[in-house]
Every structure is written in C-alpha cells, then in structure tokens.
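Quick one: the structure is below, questions incoming.
Chain nomenclature is as follows: A, B, C and D, assigned in order of appearance, with residue numbering initiated at 1 for each chain independently.
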Amino acid sequence: MPEKTNRNTPLLDIRNLSRHFGGLKAVDGVSFQVNEGEIVGLIGPNGAGKTTLFNLISGFLKPTAGEIYFRGLPIHGKRPNAIARLGVGRTFQIVKPFGELSVRDNVLAGMGHNIYPSLQAFLHVYHTPTAIARANDILENVGLAAYADARADTLPIGLQRRLEIARALALSPILLLLDESAAGLTHQEAEDLAALIRDLRDRGITILLVEHNMRFAMNLCERIVVLNQGRILAEGTPEEIQTNPAVIEAYLGHSGVVRREA
Amino acid sequence: MGYLISIATFACIWAVLALSLNILTGYAGQVSLGHAAFFGIGAYASAMLTVKAGWSFWPAFVAAILITGVVGGFLGLPSLRVRHDFLVLATMGINFVVIAIFKYVSFFGGALGIIGIKKPALFGWTLRGPWFLALAALYLVLTLWISAYLSRTWAGLALTALREDEDAAEAVGVSVPRFKIYAFAISAALAGGAGSLYAHFLGSVFPDHFAFVESIGIMSMVVFGGIGTLRGPVVGAFILKALPEYLRFVGDYRYAIYGGVLVLMMLFQPQGILGDNSWLWNKIRRRIND
Amino acid sequence: MRSQKLLVILLVLSLLVVLAGGCGQSKPKSYKIGLFSPTTGFAAADGTSALHGAELAVQYINDHGGINGVKVELVHYDDAAKPDQAVNVAHKLIEQDKVIAAVSGSYSGATRAASAVFQDAGVPMVAAYAVHPEITKTGDKIWRVGTLAVVEGKVGGALAVDKLGAKKIALLTIDNDFGTSLANAFKEYVTAKGAEIVFEEKYPLGEKEFRPILNRIKEANPDVVYASGYYNEAANIVRQAKEVGLNAQIIGQEGYDSPKFLELAGDAAEGVIITTDLNRDSDREITQWFIKTYKEKYNLDADMVGASTFDAVMVLAYAIEKGGTKADGIVKALGELKDFEKAATGPFYKFTPGREVMRPLGAQVVKGGAFHFFAEFDDPALITPPW
Amino acid sequence: MSLWNILLDTLTQGSIYFLIAVGLTMVYGILKILHIAHAAVYTIGAGVGLAVFKLTGSFWLALIAAMLVSGLVGVIIYRGVYFYMLDQPRIVPLITSVGLFLLIEDLLQKPYLMGPYQHAFPAQEVFPSITLPWGTIPNAQVMILTLTGVALVALYLIFTRTRLGLAWQAAAQDREMAGSVGINLNRAIALNFLLGSALAGAAGVLVGVFYNSVYATMGDVPSYKAFVVIVLGGMGSVTGTLAASFLLAFAETVLLASVGYVLPRDAIAFLVLIFVLMFRPQGLLGR
C-alpha cells in the first residue's frame, strides 16, 4: 500500500486533457481534480466523453494533449497495467469478466498485481490459503460470497458488475473508477450498491464514477462534474448542479433526463 | 519392439509440441499455426551446435531450448499488434519464412539439410531404442510438470486473464504485451527441446520437416485432445501421431480417415476427446468418483 | 487428479500397443524384400511409380524361377515422404516383417532417416532414386542405384559443352538437394571447359509461374538453358519458354523423365534433351520387357522412378542369390558386382567403395512426342562417382 | 524484362489469385471461418472440369459442370458441417476445415478419381491469341483475363443490384442483426457458399487449363496462399481482395523479374503479409 500523499496535492489532477478521434473531439481541454476521500460523479449525455475520459485516466487511451497526475505523479502515457498497479482500479461499462474463471479466481487475478511484473510470478502458486482467504473477504464485502465457485460468465449481469468491483478492489486501490455500475439494477439493488460504495469510501477509497442513472448519482456523490460534448459544462455539489441553468439546458436539449430522473 | 518404441518416441516428441502449443493457445489464447517453426529452430540449433560446432548433445539440448525461447519471444512480437484470425495468419507466415530461411541461407545447410547428427550419449554410452524413448518420455514428463505448475502460478493466472479479456487483464495490472511474449517464449522453448530430440533421434534435418503442415498437425492434436487441459494435448498427440501407423491396414485411406476423424470429432465433441465436459472425460470422471 | 491423468495416458498407450502390434505376421518359404515409398500425400505420384517398378521386378524374378527357386515377396508400406513415418516403417519392416533387405522408393529426407535404422539393424538397404549425396554415407549397409546428382550434373555439362557446343549457358535450378547438387557439378564442369554462365537462378519446388524468370533468361541470350526440376515444373518451364519466345536449347535431367512431362508439356517438349539412365530405344531385353510390361500392367508409360526402383529390387535379388540371405553376404555380393545386366536402366558396371553405382548415362531427346536416344556417356572420367 | 511482360504477368497472376481468393473472402466475410477446405473445392472443380472436357470435348460444358458441382459441394460443406459449429470458438471450424481438406484431397488421389499423377487439360485452343502492337497475349492468358473480367462484372452486379448481395453485405456487418431484420440468413449463407464455391470451381478449371495440369494436390498451395490475399484485402472485402490480388501479383512479378527468388514466392508473400500486419493490423485495405 503506497504511503499517504501530501495533503495539498489532489489525488487525481487532470489538466487540459484532450483526446481527438480524427475530427471528433471526444474530450476537449478538460481539467478537474478529485481529492482524497471524495465520491465524485461524472455525468453527461450520451457521447459526452465520459467513458473516453475514463479510458484516458486508466491508460487505455493516450491523450492527444494534456496531463494527468495521480498523487502528484504524471500517469498520462503510462500503460493501463502500470496505472492499475499505482492504485487505480476500474470497472468496465460493458462488463469484462474473466468468463471461464471462477468468481474467486477473478478476484485472485486482481490480487496478483504486485507480483506480475516480477519473474516471481512464475514461481509462486496463487491458490494459497492466505490469498484465498483475502479473496473470500473481498467477495463477502461485495456480497458475492455465495457465488465464489461459480464460473464468472454464468452470473447475471448485475452480479457481474459487482464482480468487476470486487476484482478492482483486489488491487487495493486508492482510486476506484466505476463505469455505470448501477446500469440495469433495480431500485433496491441500486440502493445496496450505493451503500457498498459509501462503505468503500469510508474505508479510505476515493471514488470517481460515471453514471447515467441521475438519481443514483445525485444521492451518492458529494461532487459532480458534468461533461457535454467533450467539455466540462459545470462542476459542483449535486444541489448546485440540479439548479445550474446550463446543465438543465443541455439535458432538456437532449433528453430531459434531469427532470425525469432527478 | 523397435517399431513400437519408434512410434512411442515420436508420439512423446509430438506430445511435447502439443503441450507447448497448448501453453500459447490453450492458456494464453494466442492461436498459432506456426508452431513447427519453433520445432524447426530447436532442431536446427541443436543440429548445428553438435555437427558444426562439435558440442555434445546435452549442452546443445539446453542451448536449443534457450535459443528457441529467445527467438520465439522475438517472433511473438506480431501478437502485440494483431489478434485473432490475423494472428493465425501472421504465425502461419512466420512458419513459411523460417523454413525459407533454413532453405535459402547456406549457413543453415540450405536444401541439403544437416546430416550426421549423433544420438545423445551418457558416460560414453549411446542412448538408442528404449533409452532414447526414456529420454523423450522424461522430457515429456518435465513439460507436463511445467505446464501443470505454470497453470497454478500467478503467471499462469495472468495468461488466463489475458486470454479471457486483454483489457480486463491490463486493468488488474497484467502487462499484456509482456505476458504474450512470455507465452511465446515458454511455448517456443519447450518446442525447441522437442526439436532437439527429434534431430538427434532422426540423425538428419531438412527444412521441409518443419513445414506448415506440421503446424496444422500439432494444432489438430491440441484441439482433438482437448484444448487448455493437460491430458488433452498428450492424448491427442499419442492418438493422432500413432493413428496413421495403426491405420496401415486400411492402406492408402489412412489420411482420408485421419481427416474424417477430425471432422467428426469437431462436429460431435468440439471440446476435444478429453476436454472438460466431453462425453469420454465425463464418463471417466464418473467411473473414478464411484 | 494426477493419477487419473496418468491412468488415461497409460490406457491409450496400451491401446496403441495392442492395435499396432496386431498388424504384422510372417509367412515362411519366401524371401521378403521391403519397400517404403509415399503412396499418399504430395509425393504420391513418385511413390506409386516406385511401387509399380518394384512389383514388376518381383514379377520378373518370380517368373524366372525366383531366387534359387524361392519366391520373392514384396512388403510395401507408405511413408507419405515423411521422415518420422519412414523411420517407423523401417522398424516395422525389420522387426515385424523380418525382411532380408529393403528398397527406398522415397525422397531424400525420409530415405536418409530410414537408412540410419537399417544400418543400425544391419539390414541392407538400396535407395532407388533419392539423390542426397550423404545417404550412402550412413554406413556399409546402405547402397544406391540412382545416378548421383554430382555425376548427372557433370554429364549434363558434357552434353551442353561437348556435344552441343554451348558457350553461353543459363542455369535454372530447383531449390532442393537434387537441384543444388546438379547445379554445382554442372557449373564446375562447364566453366572448366570455358563456357560462360550468363544467368543463374533457383526456384522453389512446385513453382508454376516461370514467365518473369524466363523473360530474364531470354535477355541473357544463352545457347543452352540447364533447367533442373521434376516433370511438373519442367513442363511449365518448357511451355512458358515457348510462350515468351525463349528459343535456347533446354537441357533437363532425369526429373523430366516421365510420360507426364510429355503429356503436360505437349508440343513444347519437342527438342528438349535430358540426361537419364532409362534408354527408351535400348535393345536390351530387360529394358524392353520393363517398358512393355509396365504399360500393359498399369496402363501408363514407365518413368525413371519406376525403372530405378525396379533396378533396386533386381540388384538386391542378384545379391541375395550370390551372397545368401545374411546381410554380410548381400553386402559382399553387391561390392563384388560386375557388369550387372538385369537392370532396366542399363548395365551396372560396378559399385564404388562409397556404394554408389557406376554405369553409362544416356541423353534422350524428345521427338514426335516421345523420348528417343540422343547420346551415351561412357567415359569413366565422367561417370565414375567421386566416392 | 519489358513493362508489357510485367503487366501481362501481373494481370494473369493477379486474376488467378483473385478467382481462388474471392470465394474464400465471401465465406470469411459472412461466417468468419478460415475455410481451408475451399482449396479442396477448387481441386474438385478442376477434376470435374477435366472429366467433362474429356467426355464432351467442350470447354464451356466443363466450366459449367465444374461450377455446379463445386457450388454444390460448398453448400454441402456448409449445411453438413459448418452450420453446426457457428457458435463454437473459431478454432473448431478451422480444425474441421483442415480435416475436410485432408479427407477430400486424399480421396481425390485415389485411382478411381484423379489418381496420384498430373493430367493435361488441353483446352487452351478454345481461345484465340491476341496480338497487340506492343506484344502478344497467348490464348491461355486471354482465357484467364476475359473470364476473370466476366466474373468481376457478375460479382459487381450481384453485390450491388440484387437483394441477395445486400443481404450478404448486411450479414457480413452483423450476422445476428441481419437475421433479426428479416433476412433469411440460412438461405443467404447457403447461396454465398454456392457462389463462392462455384467461383473456386471455375478457378480450378481455368488454372488447370492455364498450366495444362490438373492433379489431386493442386490445392496445397492455394489452401494457404489465398489467405495472404484475403488478409491483405482486409478479410471479407471483395474489392479489397481484388486490389490485394493484383498488388501481390505485381510485387511477386516485379521481384522475380528483377532480383529473382531471394526467398520462395510464398515466403515473400508471407513476409509482405507480416510486414503489412505490423503497420496495419486490420489488413492493408481493411477498415
């Protein structure tokens, strides 16, 4: 576990970040910070650039311009696995479980992050009692203990989203990037998920989440960043966002999600 | 007896080839139709070190494994750029290019191959017949052990992870390029050892011994037996390597039957004869559990 | 788990043993000669011709009273021209069929691999047409009746410069052991005689499209093109040479020597001269019997591969008759062989200490859609194998 | 070597590559199967063509018969085999295809079918040689070029002007989607195999006549060589395959006409392939 960062530097500092696909400016000069211990929501209409931004932060895309600092260290241009090992866990909007592995082995795969870069990975067996115990703990935490031995691709989609969180938690992350984890959940399931996320925050994990479900985001997040057409439209507390005229305009202009769901 | 020993020796060598390909394709999900290239590199390395440089078998055997491993890692580079069917064809291409180099570069003996490769000796005593079979079987056991152990290590888990989903593997800290190269290197190294044994068993190597059809044969063994398992490639190799021999009573229909068996197998048991959930494997397990 | 896996492996292994072991049985009161040749796979044409040739030899021997009254029995296995199968088959012939001696009707790679098995087991083997120079160096049990490519290349050179008076020569070489050996010997001979190599290129086995290369040869304007290859490449070479207007004399070798060359090349084959050991116009009784019976029995014209395999069996039968069924006797008889007349490809003067055959070599020209006598090379300086 | 010769050789060699590869690319486009047995269908076409030619003496009857039989064999391969493994990992149909190829080729080699020897296919005279101011096109090359042209026009019309062609394009984009918008997928795929295989059969006849030889193992080289073409063409694109065929033929011809065989023809082709894939992992002309 990396040691504590300087209080003054934000945990995640995004400066003037851009990513263009040909002529399309998917992310266009975005700057914002995430501080330690926060739950920050990233919202915006379809095609606003939320997932692109996630992919930039986690290293799956290289920025066209701009910088990303994690705990004061530049991480733009680093490979995803290096960023993951620095303590940035993520989930995927379209779930990507290791389908043929058991649920527990999915979590164990995340626990190997520190050993993978070393040739020790070829010497040590992963099914050790300690590792299994820790994996079981994590599964207990996210409520998947009952499915530990099931093949991951046999789980229903809601549980697969939880599995993605569990797998990311196995990295002992400092920052957790959740990409629409509440999509397709029932009201009750979403409530449970929110409780889980708060619990994680209480245990010191900073959370940045992309959400389509506005009510979920508004209830859960302490701060919200609104993206529109690759740019930041607004930033503030849920209350500020809900009353921000630009945000209402953008959402009404698109689908009126704010009014219907918030 | 010599006949059976000879068949068994080849079967052991091909079982190693199948197991090594299984690490690449079964574990790491990188489908390669160029495995015979690694087989050939190992055979040539060992043949040249003994015949031209005058080494004895044992250091040459080890060197062949190492050389093939390094070259294999290098030849795995295309896998960093191309995936799926494109990778299949790129590896196929590697096979052709490697054979062409053996054939066209006189340093490697050209079309005349390398002749006069001696059988290994232990304390001045030449290993032949059953003793060579024992050596091949020992190497097969070693390969089995490595395969089995690898699948239980963190590295094995990383390979499985990248097979299942490259993005997700990266997201949990697995360097996908690095582990792909590892997979190619390990797989090639083991195949290189098989190549060395083959060269010394046969006494001569020619470029055409390692042609594309051999790659197809090795892949067929892996899939036929049950990809991703340990038992599958071994059993696949033993059956398919020996099949043409014990089909001799059907005369010239050996290969028609061989092809037909492959087709029927894929139609009715696509997971392989002893793959997980195959009819035979389920039966065997039930029998053993009772 | 571990023991289960082992169990399965053992089970399959023992299954193989039972199945494979049940296949061989022996029949007394005959002399068994083994043959391996590729009757399946890419080399099936040559393997089939080889089998035909050997069958005819056995027929001839048995029709003429066998060997000292004992019939000859041919045991044939397909090796698909693969070295590992050839090794398996060699073991099978030696151990299960208990052959007295064997003939290789296969290609160099397979022949070389199998020869080591025969040598180790002390069973004499005669290679019919495999050309690799090192085959006979396996040991004292391994012999060859095919003409060495080194000799044939030299004779090709003599044909080009001495008989045809070529000054400028183009070399088109197939990229295997056969072509490489031929080209080296040919080059050495013709350059020593003052001819100039104006073009040299090798091409891969199985190539069909020679036009780009032939156009370049045309520009080099040679008197003679020495083009090695087998009948299918050869047919395309001569057809396409006609097409691009390359009119130089083409010289081929025994690889062309197949009725299929004439069929595939059609009119373009006219005038092509090849070096070969099978003389269609020979008045020797055995050659005529071979050519006639081959046609009758298989409805095909005989080729060099068939003739060589025929001769391999014939020479073995002779050696068994003279030296008995023990390997030493056979080897001794072969070593002492003089002016052997029962070979379809002409008399064998003797075997050299390197166990290569010394015999006159002929040149045949294609005229009226058939091979005909063109010249014979009998000069010991040309036809003596170098080892 | 003159420009004219290079042009002529490129065009004929490219046409041959295209005829063999186009059926493969159609099949790949719609089913994503590496259909190695396509080369066996090509050989069957050549064999049937030769048999009919020997029987009737008519090149055109031979060509039609070859296309019909090959097309039928293709449909049988799809309905009898591939159809049952569309949901399997791609390695399964690949190995199946290898098995089919071995099975068919080995049977063709039997004496009662094609036998182990090569056979002449002397139908070159059906076409005239054409003499142009800058050179002569021999009859066999006239045949290849005109018939490839006919096939091209026909393919263009089918792909752009018929419902079937549109259905194929839709299915190539997304098989499930195409099924759900009311395209009779099974029929479309079967017809795709029919046409692709018929083209392979035609290619067998044309190549057989062109090189005046037909034999059971003539599919060995096309079985892998055609893949180089379709990969360079972007896997599944007919126009890409066309471009790639001529590009590869041009590269090979120029190399052979200038430097010679640095490496065998096939190794050169694969070297080009690997090189291209390193820079464009989706193929030279892929999206």
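Definition applied: a contact is a pair of C-beta atoms (placed from the backbone, for glycine too) under 8 Å apart; a residue touches a chain by one contact, two chains touch by 3 or more.
Worth saying up front: this structure is predicted, and the values here are computed from it rather than measured.
Considering every other chain in turn, the ones in contact with both chain A and chain D prove to be B. Among the chains present, the centre nearest to the common Cα mean is that of B.
When each chain is reduced to the average of its Cα atoms, A sits farthest from chain B. Chain centres here are Cα means. That of chain B falls 31 Å from that of chain D. Each chain gets a centre from the mean of its Cα atoms; for chain A and chain C, those two points are 72 Å apart. Separating the centre of chain A from that of chain B, both taken as means of CA atoms, is a distance of 42 Å. Under the contact definition stated at the top, the residues of chain C that touch 2 or more other chains are 39-41, 175.
Residue positions of chain D touching 2 or more other chains, listed in rising order: 106, 109, 261, 264, 266.
Across the assembly, chain A contributes no residue in contact with two or more other chains.
Listed by chain label, the pairs that touch are A-B, B-C, B-D, C-D.
Residues of chain B that touch chain C in their complex: 1-8, 10-11, 103-104, 110-113, 115-116, 128, 198, 201-204, 206, 208-209, 230-231, 234-235, 238-239, 242, 244-246, 248-249, 251-252, 254-255, 274, 284-285, 288. Only residues 1-2, 5-6, 9, 13, 106, 109, 116-120, 122, 138, 211-213, 215-217, 220-221, 253, 256-257, 260-261, 264-266 of chain D touch chain C when the two sit together in their complex. Across the interface of their complex, chain B is touched by residues 4-5, 8-9, 12-13, 16-17, 19-21, 23, 39-41, 77-78, 80, 83-85, 87-88, 91-92, 94-96, 108-109, 112-113, 116-117, 120-121, 132-134, 137, 175-177, 179-181 of chain C.
Residues of chain D touching chain B in their complex: 32, 34, 81, 84-85, 88-96, 98-107, 109-110, 224, 227-228, 231, 235, 261-264, 266-267, 270-271, 273-274, 277-278, 281-283.
Note for the complex: chain B touches chain A at residues 149-150, 152-158, 160-161, 164-165, 167-176, 178-179.
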